[in-house]
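Next come the structures, one after another.
Both of the next two complexes hold chain A, though its partner changes from chain B to chain C.
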Partner chain A sequence: MIEFRDFSLTYPTGSRPALREIDLVVPRGQFCAVVGAEGAGKTTLAGVISGVVPHMTGGASKGSARVCGRLLTETPPSELVGEVGLVMQNPFSQLSGARFSLREELAFGLENLGVGRAEMIRRVERVMADLRLTALADLSPYELSGGQQQLLAIGSALVMRPAVMVLDEPTSQLDAVGTGVVFDALETLRAQGVTVVLFEHRMERLARCVDRVLVLDEGRTAADGPPADVLTDPRLADWGVAPLRYTTAARRAVGRGLWEEDRPLPVTLEAAADGFAAALKSARTTGGL
Partner chain B sequence: MVLRIDSLVHRYPNGTTALANVSLTVEAGERVAVVGPNGAGKSTLARHLIGIARPTSGTVEVNGRDAAELGIADLARSVGFVFQNPDNQLHAATVAREVGFGPRNLGFSADRRTALTEWALRVTGLTGETDSHPRHLSFSERKRVALASVLAMDTPIIVLDEPTTGQDHRSVALLEELLGDLHKRGKTIIAITHDTDFCAENFDRVVVLAEGYVRWDGPVERWLEGAEDPSESAFEQPQMTRLGQRLGWRTPVVTLDSFLDQLTDHAETGVCPRRPAP
Partner chain C sequence: MDISPRSADDSPVHRLNPLTKLVFAVTVTVSAFALTMTWWPLLLFCTAVLPMVIASGTLRKFFPVLLALWVPIALTVYLIQGFFYPETSRVVAEIGPLELKYEGLVFATQTALRIMVLMGGFFLLLLTTHPGALMSAMTQRGMSPKTVYVVSAALQIAPALAGRAQGILHAQQARGLPVKGLRGRIRALVPMAGPLILGALTDVGDRAVAMETRGFGTSRRPTFLTEVSDTSAQRVARTVMGLCALTAVVANVLGVLR
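Right, the complex of A and B next:
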């Protein structure tokens, strides 16, 4: 579905490549997270997958990058909009500015693709229900809170029913309910065979939901694998990625004899609770530390 | 007290009531996190503190003076506001000019301007970007420019709207260190945030806003003790709080350090106190 081969990209004003020798294959239906420090290349990678970079930014590339079999460097963004949905980091910059209600804003992309009215209404109503936006349908996009605008931006991509969804920090302004709604929607997409690439700083949801975590560091792939492996890598903080507090607590507890050295470090609440409960049980059995 | 909000109501022209009746006082030097679901009125409340929103009814007092009688420029001497979206705040052609704009506008002396600007750039990690155009920086860097431009105004009250949004690990660590430093300097810090881990590690008091009302106000530990089931709440409790609960500990865990301390206590005493069965 997504296939990068030895792909590098340098912006016109860049002194060094923003992406370097990326080899990446994301099969259909995989839920892949991309993490890394500021400037690691995440937004550039999101832009390349969605066709924005280098078409709208300029830049020289080498190697190849394909989505749905199409060579991205030779495919105009307008030909990708039906296949790749992009949710930008700042939802405000994604509003069309040409529609007066949330409902009309959701329909904007479908109108441009010439989707029939009945189908358009069906899709818009469905997305509003899935993202709990129905009560806000008649409000202007500019009257919404930051979090509500973020849900609208996600809805505007979902309504197009793309084969690939690219989301750049889609829950950064959302409360726990909104975050849960978005991740439920992403899980549903994955079950429907949609490939999801999520760029995110908050690790806990990733650890529970994604199939795979890719770490970018200075434009290169620093690590790539299951969340339980990548998110416990001791180099994670050096790459500018926050380890989960569960992982940090266990790592520090090893030094106090309160986490078994041969037990994998946890990335979920359940694994952390099991490990610490076992350590306390062991301490009680032996009469304390 | 530095802030007194009394029966504040804010209704937008379209009829939406963002704040239904909010009363709140904040003492000098407090660290207050304002949390609440999307659309709760948090950002509207913050806008009242800097005078860009005016009460439909009720009052907002800053340092004993009615904010409605003060101009935005006067309020800017007392309250610095870091917007959620830095692009709403930045306007100058270089980072140095952006950060220097506030203290120059406030009429500070050249020496004080220079000292504050250099300090603000240093503590936000922007010393190497002074000549950069803010629009050419990354989102995270632009957020730090917005923060630096407020710090340079040396206001006694600093309000931050979602300060961890779009920030990587290093930027959040820098922010946390800075907040500790500002607290030692006696600044009053108010943050609007959804990030409960950040809230637990860096704030003493939590104010919960929902549907335009203050639903809860008190110490962070007490809030975490009584917080609702995350599956039904707008809040996801901090990781360490949930871990303590999962282990059945009676005392709510707030920070990573306090978790490790309690863990060590339980192990040393051989006792693992559990919550009474419901």
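Right, the complex of A and C next:
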């Protein structure tokens, strides 16, 4: 579905490549998270997958990058509409600015694609229900809060039913409830066979639901694998990614005998609770406590 | 002041095709300005605009909006034309060095009534038509989606920029910028204008990306969420109204009905 082979990209004004020798294959239906420090190349990678970079930004590339079989460097974003959905960081600038209600804003892309009215209504109502936006349907997009606009931006991409969904920090303005709604919607997408690439810094939530985590460091792939492996890698902080609190706590507990050495370090709250409970039980049994 | 119709509002006028109401507003406006009889705009207002407003059930919303905007304009017109009418004319009253002129008052009356018809026609359109329906109707009648986009984006830009300006102002206030009083407000304009304009320019780039990824400008034939009904009776009515406006213009050119 997404296939990068030795792909590098340098912006016209850049002195060094924003992406270097990226090798990445994301199969259909996989939920992949990309993490990294500021300036690691996350937004550039999101732009390349969605066809925006280098078509709308300029830049020289090496290697190949394909999505749904199309060579991205030769396919403008307008030809990827319906195949790749993009949600950017700033929801305000993603509003069309030409629709007068949330419902109409959601339908904007479908209208451009010529989707039939009955199908359009069905999809818009479904997305509003999934993202809990139905009560706001008749409000102007400009009357919404930042978080609601962010949900609207996500909904505007979801409603197009793309084969690949790219989201660049989509929950930056959302509270815990809003974040939960977004992740639920993304998990539903994954279950429907949509490939999801999420650029996100809320590690605790993504550790629970993604299939794979890719770490970018200065434009290169620093690590790539299941969340349980990548997010417990001791080099994570060196790559500019804050380790999970559960993992840090467990790592410190190992040295003090409060975490079983053969037990993997946890990346979720549940795994941490289980691990500490097991260590406690073991200590009681052996008379350590 | 939001004068868009609520979704619960309904009447035969609400159900008319937006273009029919737009042509109506344009026709009464052209007629009011083309024919030069002093009281003609008032007659037009009472026999054409007012019955439509009553039929739409928006009378209670219509008059407060109309009066709030029309009265200050009418007063200004009366003051300027009454006192500074350029041609020699009969003096009705003298206030210090100023002379209130009869012909100036007549001209002001006619102008104010013409403006009332213009505002009345377009307020009727806005009170009974959702902007989205108007835009859909324009696109469905063959207007370029890009042109319609520019029109609707222009209608939206004021509330969007107002919201952003408010946010910038709050941020500046939090950093100690005094904004109370006239001088404070004037001084706050400069630090607000920079981020507002630069932010708007930055948004243009991101918005272009978002529009591209949402299929805007593709060669596909667009469809519409907002269904706009039309009937042959309305098409005939629009043609008749267009002919009426044309007749009024011709009458003006020929100098008849003065």
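We adopt the following convention: the second predicted complex is superposed on the first by the 285 of 289 C-alpha atoms of A that agree within 3 Å, B and C clash if a C-alpha of one lies under 4 Å from a C-alpha of the other, contacts with A are read in each partner's own complex, and residues count from 1 in each chain.
Convention: a residue touches a chain if its C-beta (ideal position, glycine included) is under 8 Å from a C-beta of that chain, and two chains touch if they have at least 3 such contacts.
These numbers were taken from a predicted model, which means no experiment stands behind them.
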Contacts of A:Thr134 with chain B and chain C, given as first, second, both or neither: neither
First, second, both or neither for A:Thr188, with chain B first and chain C second: neither
Partner chain(s) touched by A:Gln173 [first = chain B, second = chain C, both, neither]: first
Contacts of A:Phe92 with chain B and chain C, given as first, second, both or neither: both
First, second, both or neither for A:Ala242, with chain B first and chain C second: first
Touched partner set for A:Gly147, first chain B, second chain C, both or neither: first
Touching partner for A:Gly114 - first (chain B), second (chain C), both, neither: second
Interface residues of chain A shared between complexes with chain B and chain C: 90, 92
List of chain A residues in touch with chain C within their complex: 50-52, 56, 76-78, 80-82, 84-86, 88, 90, 92-101, 103-104, 107-117, 120-121, 124, 138, 140, 142, 153, 156-157, 160
Interface residues, chain A side, partner chain B - complex: 36-39, 43, 89-90, 92, 139, 143-148, 151, 169, 172-180, 201-202, 204, 237, 240-242, 244-246, 248-249, 252-253, 256-258, 269-270, 272-273, 276-277, 279-280, 283-284, 287-289
Contacting residues of chain B [partner chain A, same complex]: 12, 14, 16, 36-39, 43, 84-85, 87, 138-141, 162, 165-172, 194-195, 197, 230-231, 233-236, 238-240, 242-243, 246-247, 256, 259-260, 263-264, 266-272
In the complex, chain C residues that touch chain A: 4, 7, 130-132, 135, 145, 148-149, 152-153, 155-157, 159-160, 163-164, 202-203, 206-218, 220-227
